[in-house]
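Below you will find the structure I want to go over with you.
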Amino acid sequence: MKLIEYQDASPEVRAIYDDIMAKRKVSSVNNFWKALARDPQTLKRTWDSVQQIMAPGALDPLVKELIYIAVSATNGCDYCIASHTAAARNKGMSEEIFGELMAVVGMANETNRLVAGYRVPIDEQFQC
Amino acid sequence: MKLIEYQDASPEVRAIYDDIMAKRKVSSVNNFWKALARDPQTLKRTWDSVQQIMAPGALDPLVKELIYIAVSATNGCDYCIASHTAAARNKGMSEEIFGELMAVVGMANETNRLVAGYRVPIDEQFQC
Amino acid sequence: MKLIEYQDASPEVRAIYDDIMAKRKVSSVNNFWKALARDPQTLKRTWDSVQQIMAPGALDPLVKELIYIAVSATNGCDYCIASHTAAARNKGMSEEIFGELMAVVGMANETNRLVAGYRVPIDEQFQC
Amino acid sequence: MKLIEYQDASPEVRAIYDDIMAKRKVSSVNNFWKALARDPQTLKRTWDSVQQIMAPGALDPLVKELIYIAVSATNGCDYCIASHTAAARNKGMSEEIFGELMAVVGMANETNRLVAGYRVPIDEQFQC
Amino acid sequence: MKLIEYQDASPEVRAIYDDIMAKRKVSSVNNFWKALARDPQTLKRTWDSVQQIMAPGALDPLVKELIYIAVSATNGCDYCIASHTAAARNKGMSEEIFGELMAVVGMANETNRLVAGYRVPIDEQFQC
Amino acid sequence: MKLIEYQDASPEVRAIYDDIMAKRKVSSVNNFWKALARDPQTLKRTWDSVQQIMAPGALDPLVKELIYIAVSATNGCDYCIASHTAAARNKGMSEEIFGELMAVVGMANETNRLVAGYRVPIDEQFQC
């Protein structure tokens, strides 16, 4: 559970921390980045990917956060749920949106397993 | 893998099939419903829940389908991916939206496991 | 996907196949055992464990099969769902029992994820 | 991680809390319900479903709790394991039953993955 | 399930296909790449990441393939199991290595769930 | 969360604790064993299996620990990650190896889900 604090980081890692702080307009980086910094290559690749993937596109950034929470709740990742819930709130997630998100996540997890247990064959019209 | 066809269904099950077909403006029900019909109580409860949860609300129906796909891909449910991808297309999912959805799903699954392996402690600001 | 048929098996593997067939009163072994036979040590250990774990005890064999199906549906293991559903039927699983089993499995998968997403803290009375 | 306490709840939520307490003969509701109360619709739907699904039927309530624990252990949901283990004990789960339950859960999780890795094809007799 | 064949690919996608074929010394790319090509950004990012992550380093390429198979079997991803098993064989995986790999994967999945169900607290010496 | 301490253990359980301590050259057993001791049959079977499976073979013990961590991170089992990370360090896992392990684990989890969502059909050459 070692975390690399800024003062202990290599110049390579500090440059990435600086970039994260500048682009996110914050004065420190989250524990996620301080942990990944143990492997600078993974730190860099992950930060590059996050910027590319979470940027506004055909989907707006809030919807992307909701999808992130849906996956994280399905996987039971407490850290990711906590950090992306905070991010989603910052991007406008209301209590009502959160409630609807969780309802869909719960239902999908339920029906995913009903489908498995009932061994439902894929309908022809869905096969292409 | 028994499926209950309309002609073999009890009046109770037929009434639900009729309701599904009427509300969805289709002439038959998917295999999912034909499988659940083996347990009419589960069929009814699931159809009631789907209508309540997937209805337009603070989130629009397309976003709800995207969340459904995100969960189903994370769980590896082929049937659910196939049927909800079809539903999402009907509600306007473009190829570009699908690409962005899958990119977020992939990234979230990756970082969920990085967080676990690196044992990242939750930042204080995310704990409430 | 190599399967070891009886005629191609080593004496060590044949002895285990013979034991499975004798104890289960069947004339051939399932593909599961034919696949594990690629590693005789795993074949033997798994057969020993299955006999110990699935034997009648405080829980009767049908309930053990139901638990097996619950896990397999949650993990989406099609082979295991198919084979243990057949085993459960042989041990008396009615259509009604199957329906109730799947309803609980679906609900548990739903609430497991609601708990994660809502970040529900464990009640004091459950902590010991 | 907001929980809705009785004194802060809307009349709609209080009515459900009252119903839970009356039917379960307890003087307060668990954190699970206090969390879901953030979305009264999900609170109501979940309480209705739990009552329907966990009621005595072809399976007795203890077996249903065991299935719930099996799913929750497979998903790694600490809250659900804790609360349903307590519920199972109240319904008569002995230490011996718990041991057998966990042995089956462990074995099923092991063989589910062996089947995947060995790519075991489904036997013909299991395909219908 | 649309796959982008070489002749239908954009110059951008063709360049990546060419790079994959040249570096892997093969005359066509796998379906995985043909599917990702629907989103050229994801195709490029994934190919870049795979090259970086799967390259020889402190771990040799065969061990990396074994880890890939371990994850894929745990997630039940049939495609990934099939393709990485083939890759591992090309890199020297013997039948004996495969057997030991699967034994560890099975055992780990079993004990992961025993730990959850028994609610085993982390030993002090493992907490740092 | 009951743990069976040595002084409270039956002679049968003490014998296994003694064997673990002798073979591992330690003066106490981990919480994992103290929890399993609630079911002596599971304690014995698990200890026997661990010794067989984790022994040096075609794969060296460090690689087996890495595979164990890969599975445990994918399943989000905090206890197992903590204990097997400690075991891997004792067997020579460097910080660099850990970084590469986690990078592969993250990537595999990402591509497993991309494959599911894109519904990638298995290439002919991987089907046998």
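Chains here go by letter, A, B, C, D, E and F, matching the order in which they are written, and residues are numbered from 1 within each.
Assume contacts are C-beta pairs under 8 Å (C-beta built on N, C-alpha and C of every residue); 3 or more make two chains touch, one makes a residue touch a chain.
From a predicted model like this one, the values you see are computed outputs, not experimental measurements.
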| item | value |
| --- | --- |
| Set of chains whose contacts include both chain B and chain A | C, D, E, F |
| If a chain touches chain C and chain D alike, it appears here | A, B, E, F |
| Result of counting contacting C-beta pairs for E-F and B-F, higher pair | E-F |
| Same vs different contact residues, chain B with chain E, by half of numbers used | different |
| Farthest chain (mean CA position) relative to chain C | A |
| Averaged-CA centre spacing for the pair chain D and chain A, given as whole angstrom | 27 |
| Centre-to-centre distance between chain E and chain D (centres being mean Cα positions), rounded to whole Å | 34 |
| Rounded Å distance, chain B centre to chain D centre (Cα mean) | 21 |
| Chain C residues counted as touching two or more neighbouring chains | 1, 38, 41-42, 45, 49, 52, 72, 74-78, 82, 85, 96, 99-103, 105-107, 109-114, 116, 118-119, 127 |
| Chain contact topology (line, ring, star, complete or other) | complete |
| Touch list for chain E against partner chain C, complex | 76, 95-96, 98-100, 102-103, 106 |
| List of chain B residues in touch with chain C within their complex | 38-39, 41-42, 45, 75-77 |
| Contact set on chain C toward chain A in their complex | 69, 72-74, 76, 78, 81-82, 85, 101-102, 105-107, 109-114, 116-119 |
| Contact set on chain C toward chain D in their complex | 1, 3, 30-32, 35-36, 38, 42, 46, 49-50, 52-54, 57-59, 63-64, 66-68, 70-72, 74-75, 77-80, 82-83, 85-86, 94, 96-97, 99-101, 103-105, 107-116, 118-123, 125-127 |
| Chain F-facing residues of chain C, complex | 1, 41, 45, 49, 52, 127-128 |
